[in-house]
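Read the structure below first, then the notes.
In order of appearance the chains are A, B and C, and numbering begins at 1 in each one.
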Amino acid sequence: MNEMREAFRQALLLIGGADPHLVEIVALTAQVSLSAVALATALGLPLGAGLALFRFPGRRTAIVLVNALMGLPPVVAGLVVYLLLSRSGPLGDWGLLFTPAAMIVAQCVLVVPIIAALARQALEDLWAEYAEQLRSLGAGRLRAVPTLLWEARYTLVTGVLAGFGRAIAEVGAVLIVGGNIAHHTRVMTTAIALETSKGDLALALGLGILLIGLSVLVNASAQVMKGLTGEPRV
Amino acid sequence: MSDPAAGAPAGAPILPLACRGVTYAPEGQALVGPLTFRLEAGRRTVLMGPNGAGKSITLRLCHGLLTPTAGEVRWEGPAAAQAPRRQAMVFQRPVLLRRSALANVTYALAVRGVPRGERRVLAARALARTGLAALAGRSARLLSGGEQQRLALARAWALGPQVLFLDEPTANLDPAASRTVEEAVGAFHAAGVTVVLTTHDLGQAQRLADQVLFMHRGRLLEQTPADAFFTHARTPEARAFLRGELLV
Amino acid sequence: MSLRRLSVLAALLLCFALPARAADTFITVASTTSTENSGLFADILPQFRRATGIEVRVVAQGTGQAIRTAMHGDADVLFVHHKASELKFVAEGYGVGRREVMYNDYVLVGPAADPAGVRGMTDVARAFAKVAATRAPFASRGDTSGTHKAELGIWQKAGVDLKAAAGAWYRETGSGMGATLNTAAGMDAYALADRGTWIAFRNKRDLRVLVEGDPLLFNQYGVILVNPKRFPHVKAAEGQRFIDWLVSREGQAAIAAFRVGGRQLFHPNAEATAARRGRGEMESRNPPRSHN
C-alpha cells in the first residue's frame, strides 16, 4: 500500500516537474500509438467493409481469421515483425529495426484486426438494413462502403478507441522491435518495464498512472469529437 | 435528365414494362410466378392480394432488386437502357440515413452524379413539394412515421423518376399521415409519373387505382381496370377477397 | 469536413513518427540488461557523443539474445560479459577485434535470515551446495544470459543436479536481472546477481549480499565489432571508434568515475596493446580480492 501512495506521489512529481526525459517518452508514446492507430484505421476499415459487403470464396474463413487475430499476443506480433525487419530477414535492407517506424508497424498489426472485425460486424448489420434502399437509389456495394462507414461512425470510433487502448498498453511487441533504446525507442510501457526491472516500483506505477491519464485524455477527446460530428438536433 | 421543378419526368420514356413468364424460385419452390403482364405509362397500378400473395416480391422483380430465376423483366421504351436511373422505390419502412432530412435527399442526388452545387437546390425544392421545408435541418431519424415516409417520397421526387414503386407505403401510418402520403402520390401522378403500388388496404386501392393486378399464392389472377375490378371482379378468389373473406 | 482535418492530423503525426534525426550518425550496440540497468550507459555515452558526435543506441537484452541480435547483423557492436560465448562469436566469424573493457563481479544475495547459513563464506560453490542441501528457494534468471551461464558454471562445480530441483526450490524466472531480483525479493529466495545491478536495485527488501569475492564470481566485459565483411551494412568505422574510445584513457576513466550511491560499480581493465593481452588474460583469471 505504501508503494501505491508513493506511486501517486511520483506521478504528481513527474507531471509537475515536466522532466524532459519523461516528456520525450510521453511524446513518443503518443506519436507511435496514434500513428499506428491511424494507419490501422486506414487499413482496417476497408478490410472490414470488404468482408461485410462482398461475397467471395473463403469469406467465412477470412472473417474467423480476422476475429481470431484480435487475440494475437503482442509478443508474437513483435517476433514476427522482428524476423521480417531484421537484417537477416527479407526486409532487412530497409533498416527499420529498432526504430519508431518498426514499432508503428508492430502495433498496427495488433490493431488492424480489432478495427476490421468491428467494422465488419457493424457494416454487415447495416447492409442488411439498408441494402434494398441503397440499391434502389443506384448505390451498389462499392458505392455503399463510404455511406455505411459514415452511418456506423459511433460504433467505429469505439472500435478505433479499443484499438488505441490495445496499442498504448502493449509492451511485448514494441520491446522486441524497438529495443527500448533510451531517447529513441523508449515508450511508456517499456519505460515501466525498465523501472520495474530496476526495482523502482513506485516510479513504474507512477508512469503507469500517467499512461492511464493519457488514455483518458484520448478517449475524452473522442467524446468531444462525437459531439461535434453528431447528428443535427434541430 | 428530368426536371423535378416541374415534376414532370423528362427524357425518353422507359415504359412499357413487359414481364414474361417471370418466376422467382430462390430455393426451388416457386414463390412467385410464372407472371406475364405489361405496365403502360401514366397509369396508377395497384397490386392487391392477401398477405403472402407475392406482391412485394413482384414489385422488387419489376424494380430490379430481385433477379427472376426464370422468364424476363423487360423495359421496352426507347430509353430502356436508362431504366435503372429512371425509377424510384419507397418501402414500407422508410430507410433513412443518420443525417438531416435535407442531407438524405442530397445523398440520393449525389449517388446519381448530380453536381454538388445543384444538389441543395433540388433537394430543398423536393422537400417543399412534400411539405417538409421546415424540417430540412432536422435529423431524419427523429421525424414522425408520416414525416419519414414523406421524406422518402421527397427523395424519390428529387430523382425525377418515370416510374415510382411503393411497397405498402402507409401500412405503418395513422390515417392523417396516410392521407398526406396519398396526396404526395397523387402529386407524382399529376406530374406524369407512372405509379405502381402494393397495398392490402381496400379503401386505399379504391382511392388510388386506375388498374388492379390481383395476386394470390404467387400467381397473377386478374389484371383489370379499377372500376371493373371493384364492381364485378372476374375470379372467385378476387370476389371473395373483396367481400373481406380470408383467402387461403 | 472534420474527416479531412483528421486525415491531415494523422499525416502530420506520421511525419513526426519517422525519426527526424536520421541525419545524425549513430551506431547500434547490443548489450545486456544488467549493464543498462546499472545506469552506466546513461552516464558514459553522452561523453562519447560529445567527443565524437556519434550517437550510441543501446539495445539491452540478455547476453544470449544480444549475441543473437549481433549474429543477425542487427547491431554494429556487441558488448556483453560472457567470455566463452564472445570467443565463439569471433571464432565463427561474426565478430572481429574483441577487446576487454572492464569487470565487475557477481554476488550471491539472499534473505537476511539466511536459512542455508552461507553468510561470509568465501567458496561460492560450497555455498551453492549448502543452498541445495537445505532446499532453500533460489531464483535463477534461466535466460542464457551471461549471469545465467556463470550461475550454471557454479552449480556444476558444486556438483548439484538442477534437473531434479527445477520447479521445486530452484525457480527459473526466464527474465532479466531486475525481474529476477524482484522475484527473489518477493519470495525470500537466494539469487546470483551482478554487483552493478544489485547496487542500483531499488527493491531489495530483505535481501542482503551473503557471499562475495570468490574468483568464480569474476565478471569480465568484452566489446566486439560485428564483422563488416559478413554484414556490409555494419558501421565499421564508427563502431571501431566506440571500441577504441572504451579502451582509451578517457573511456576507461569515464567507466571508473561512474558511481552509484558513492560506490564504483565497474573496474576498467582494458589492455593497451594486443601484445599485452596475453598477460592481461592471465591476470583476469586471478583478480584482486577485495573490491567493492
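The rule is simple: contacts are C-beta pairs under 8 Å (C-beta built on N, C-alpha and C of every residue); 3 or more make two chains touch, one makes a residue touch a chain.
Just so it is clear, the model here is predicted, and its values are computed rather than measured.
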Taking each chain's C-alpha mean as its centre, the one farthest from chain B: C
Innermost chain by mean C-alpha position: A
Cα-centroid distance, chain A relative to chain C, in whole angstrom: 33
Chain A and chain B, separation of their C-alpha mean positions in angstrom: 47
Centre-of-Cα separation between chain C and chain B, whole angstrom: 79
Contact footprint of chain B on chain A as seen in their complex: 129-130, 132-139, 143, 147, 151, 231-234
Of chain B, residues touching chain A in the complex: 60, 63, 65, 84-85, 87-89, 91, 95, 97-100, 107-108, 111-112, 137-139, 141-142, 155, 159
Chain A partner contacts - residues on chain C that touch it in the complex: 2, 10, 13-14, 16-19, 28, 33, 36-37, 41-42, 57-61, 72-74, 175-179, 181-182, 185, 197, 200-204, 231, 233
Contact footprint of chain C on chain A as seen in their complex: 31-32, 34-35, 38-39, 42, 86-89, 92-93, 95, 97-101, 104, 179-182, 184, 194, 196-201, 225, 228-229
